[in-house]
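Multiple structures follow.
Here come two complexes built around chain A, the first alongside chain B, the second alongside chain C.
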Partner chain A sequence: MKLSTYNFLTSMAIKGVKVGYPLKLTINKKDVIESEFNPVFIERLLPKLDWSAVYSAAQVAELADDIPAAQPDNVAEDEQLLQRLHHLLFEIDVLEGQLECPETGRVFPITDGIPNMLLNEDEV
Partner chain B sequence: MARRPEHSAPPEIFYNDDEAKKYSTNTRIIEIQVEMAERALELLALPDDDEPRFILDIGCGSGLSGSVLDDSDHIWVGIDISKSMLDIAVEREVAGDLILGDMGEGMPFRPGTFDGAISISALQWLCNADKSYHNPHKRLLKFFTTLFSCLTRTARAVFQFYPENSDQIEMVTAQAMKAGFYGGLVVDFPNSAKAKKYYLVLMTGGAAELPKALGSPEEERRINYIKKRDACRDARGKAPKKSRDWILAKKERRRRQGLETRPDTKYTARKRSGRF
Partner chain C sequence: MTRLKLKKLEEYLQCVDGFEKPKLLLEQYPTPPHIAACITHCMQEQYDDIEGKLVADLGSGCGMLSIGATLLGALLTIGFELDDAAVNTFRQNVLDMELPNVDCIRADVLQVPNGKWDKAFDTVVMNPPFGTKHNAGMDMRFLDVGTRLATGAVYSLHKTSTR
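The block that comes next holds the complex of A and B.
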C-alpha cells in the first residue's frame, strides 16, 4: 500500500463509525519503489490531501524531517517539497503492517502490500 | 444456456488460484478484458487535456483494466474481493495500489477522492446473495451511496457488467438512482449475441447526454414514406433467397451485429460469368 492511498482510506464502512479518519498506521516492513516524478498530478492531488494525515504518515515512515507539520501556503511552487511529497506518497510501499480504526479500534492487517478491508458479519 | 459464474460460488471462492491464473495466461480473456476497459475509459469521457487523473478500479482483479489506465497515464487504485486475483496483480507488478475489499460493504474512501471510476465484469456479482445476511438491494445501495460520496462532482462511473435478466438491470439502476447518480445503460452491438455489451454509465453532476452505443442503427427516424414502402415490402413477404435484396439484408444484419462484412458494391450478388 502506498501512503497516498493511506491518505484517503477510512473505516466509515464499519457500522456505527461516524468519521473513521485518520486510521492509525503501523509499519512493520516497507519498501521503496522508485517511480517517475509527476508534479502535475501531485498539484492536482494537493487540495484533496489531508495534511495532518500526510504528516503523521511521514512520522510513521521516519521521514518527518522532510515534511512540515503544518501545510505551507505555496506548496505548488516549492519544487523540493513536491519531490519529497512524491517520495513519501508514491515511492514508499508498506508491505507489512496494520491500520487501526480510531473509533472502534478494529485492526485492518496489511499483508504483501495489500490492506485487508473486509468486514465481518456483525460489523456491516 | 451457459452456466453463470455467479451461480457456482461467491467471488472470493470462485476466483481461486486456478481461475486467477487464467487472467494472466489466457490471451482471449486478456484481449476481451482490455477491449472492454478501453471502451469503459472512452465512456468515462475524461477532459481531453492529457492531465493524469485519479481513478478507482472496482473489481480490478489481476489489474488488466488497470494497465489500460496506465497506458493513458492515469493513477489508479484497485479494489477486489479475491486475494488470489490480487496476488496475480502483485506478481504482474501493476502500477496501481491494491486493496482487498467487498464492494457491497461500501467504498472505504474519503469524500471527493476520485476523478472517475471504472468496473469491468464485477457488478453482476452484487446481484446475488452469497451469505445468509446478504441483501442484494441493500448491498447495492450501500455500494452506490459510498461510491457517490468518494467521487468528485464532475466524475463519472462506468460499469461493464453481465446482467442475467431485465429485473437485474432494473434493480441495479434503481439503486444507483436512489444513491443520487443519474445516467443509464449503454448497450453496444444490441443485435449481436456475442458482441453485445452492457455499460452502466453513471454521472454525479452537470447535465450531459448519455454516450451513443456502438453498432446501433444510426438513423432511427427515417422519412415516413420509406418506412411505408418497407412496410409494403414486408407485407408482400421476404425477398426470395439468393436474390440481391436477400443478400443485402443478410449483410445489413451482420453489420448491426458488429461483425466484419464486405462493403456493398455493384458486384454484390452478381452472377459469376460462365467461365467459372
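The block that comes next holds the complex of A and C.
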C-alpha cells in the first residue's frame, strides 16, 4: 500500500464512528520502489492531501525530517519538497502493518501490501 | 496524445493474470484484455480521462481495468475488491509488471464510507457484478457509489438483460 492511498482511508463506515481519520498507521515491513518523479502529479494531488495524515505517515515511515509538520504555503514552488512528497507518497510500499481506528481502536491489517478494510456485518 | 498505442496496450494486458477459480456468486467475469484495452484507450484518447488523473476501479477483480489505466499514465489508481483471492492476484500482477502508482484495497464497494472518498477521484471505471445471481440491482448500487466518488466521468460495463 502506498502512502498516497493511506491519505484517503477512514474508518467512517463503522457504526457510530464520526470522523475515523486519520487512521493510526503502524509499519512492520516496507519496501521502497522507485518511480518516476512527476512534479505536476504531486501538485495535482496536493489539494486532496490531508497534511496531518501526510505528516504522521512521514513520522511512521521515518521520514519526518523531510516533511514539515505544517503545510507550507508554496509547496508547488518547492521542488525539493515535491520530490520528498513523491518519495513518501509513491515510493514507500507498506507490506505489513496495520491501521487503527482513532475512535474505536478497530484494527485493519495490512498484509502482503493490501489493506483489509472489510467490516463484519455487525460493525456497520 | 495517448502514451501507448492500442495494440501495445492490449499486448501488455494479455500478461495480466485472471481469476484462478472464478466465484459464480460474486459474478467474477474477467474483463478480456481486448475489451479492457479498447475502453481504457478510448477513455484517454477521446475524453482525456486517464493520464494524470486519479482513477478508482470498483470491483476491480484481478486488476485488468486498473492496470489499463495505470499503463495509460494515471496519477494514482485504486482498486476496490471484496474477494481475497482476487486482491492477491491484483497485487501480484502489479508486482510482476512493476507498475507504479497503483494500489488495491480489500473492501466492500457497498461499504465505502462517505467523507474522504467522496469526489476523491477524477474518473471511476468498473466492470461491476451485473446482478444476475440473486443480487438484482447490484450493478446500479455500484454505479451509485461510482458517481459519489467521481468528479468527472464514470465508465461502467453492463448487461443488456438487466437494463
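Here is the rule we go by: the second predicted complex is superposed on the first by the 124 of 124 C-alpha atoms of A that agree within 3 Å, B and C clash if a C-alpha of one lies under 4 Å from a C-alpha of the other, contacts with A are read in each partner's own complex, and residues count from 1 in each chain.
Convention: contacts are C-beta pairs under 8 Å (C-beta built on N, C-alpha and C of every residue); 3 or more make two chains touch, one makes a residue touch a chain.
As the structure is a prediction and not an experimental result, all values here were calculated from the model.
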Fit or clash - chain C, chain B, common chain A: clash
First, second, both or neither for A:27, with chain B first and chain C second: neither
Contacts of A:4 with chain B and chain C, given as first, second, both or neither: both
Which superposed partner A:101 touches (first chain B, second chain C, both, neither): neither
Chain B versus chain C as contact partner of A:61, first or second or both or neither: neither
Chain B versus chain C as contact partner of A:85, first or second or both or neither: neither
Set intersection of chain A contacts, chain C complex versus chain B complex: 1-2, 4-5, 8-13, 21, 35, 38, 40-41, 44-45, 48, 50, 112-119, 124
Chain B residues touching chain A - in the complex, by the definition given at the top: 51-54, 75, 77, 79, 81, 83, 86-87, 90, 95, 97-102, 105-110, 112-113, 131, 133, 146, 150
Residue numbers on chain C that touch chain A, as the complex places them: 52, 54, 75-76, 78, 82, 87-88, 91, 100-101, 103-108, 111-117, 120
Residues of chain A that touch chain B when the two form their complex: 1-2, 4-5, 8-13, 21, 35, 38, 40-41, 44-45, 48, 50, 112-119, 121, 124
Chain C-touching residues of chain A, taken from the complex the two chains share: 1-2, 4-5, 8-13, 19-21, 33, 35-36, 38, 40-41, 44-45, 48, 50, 90, 112-119, 124
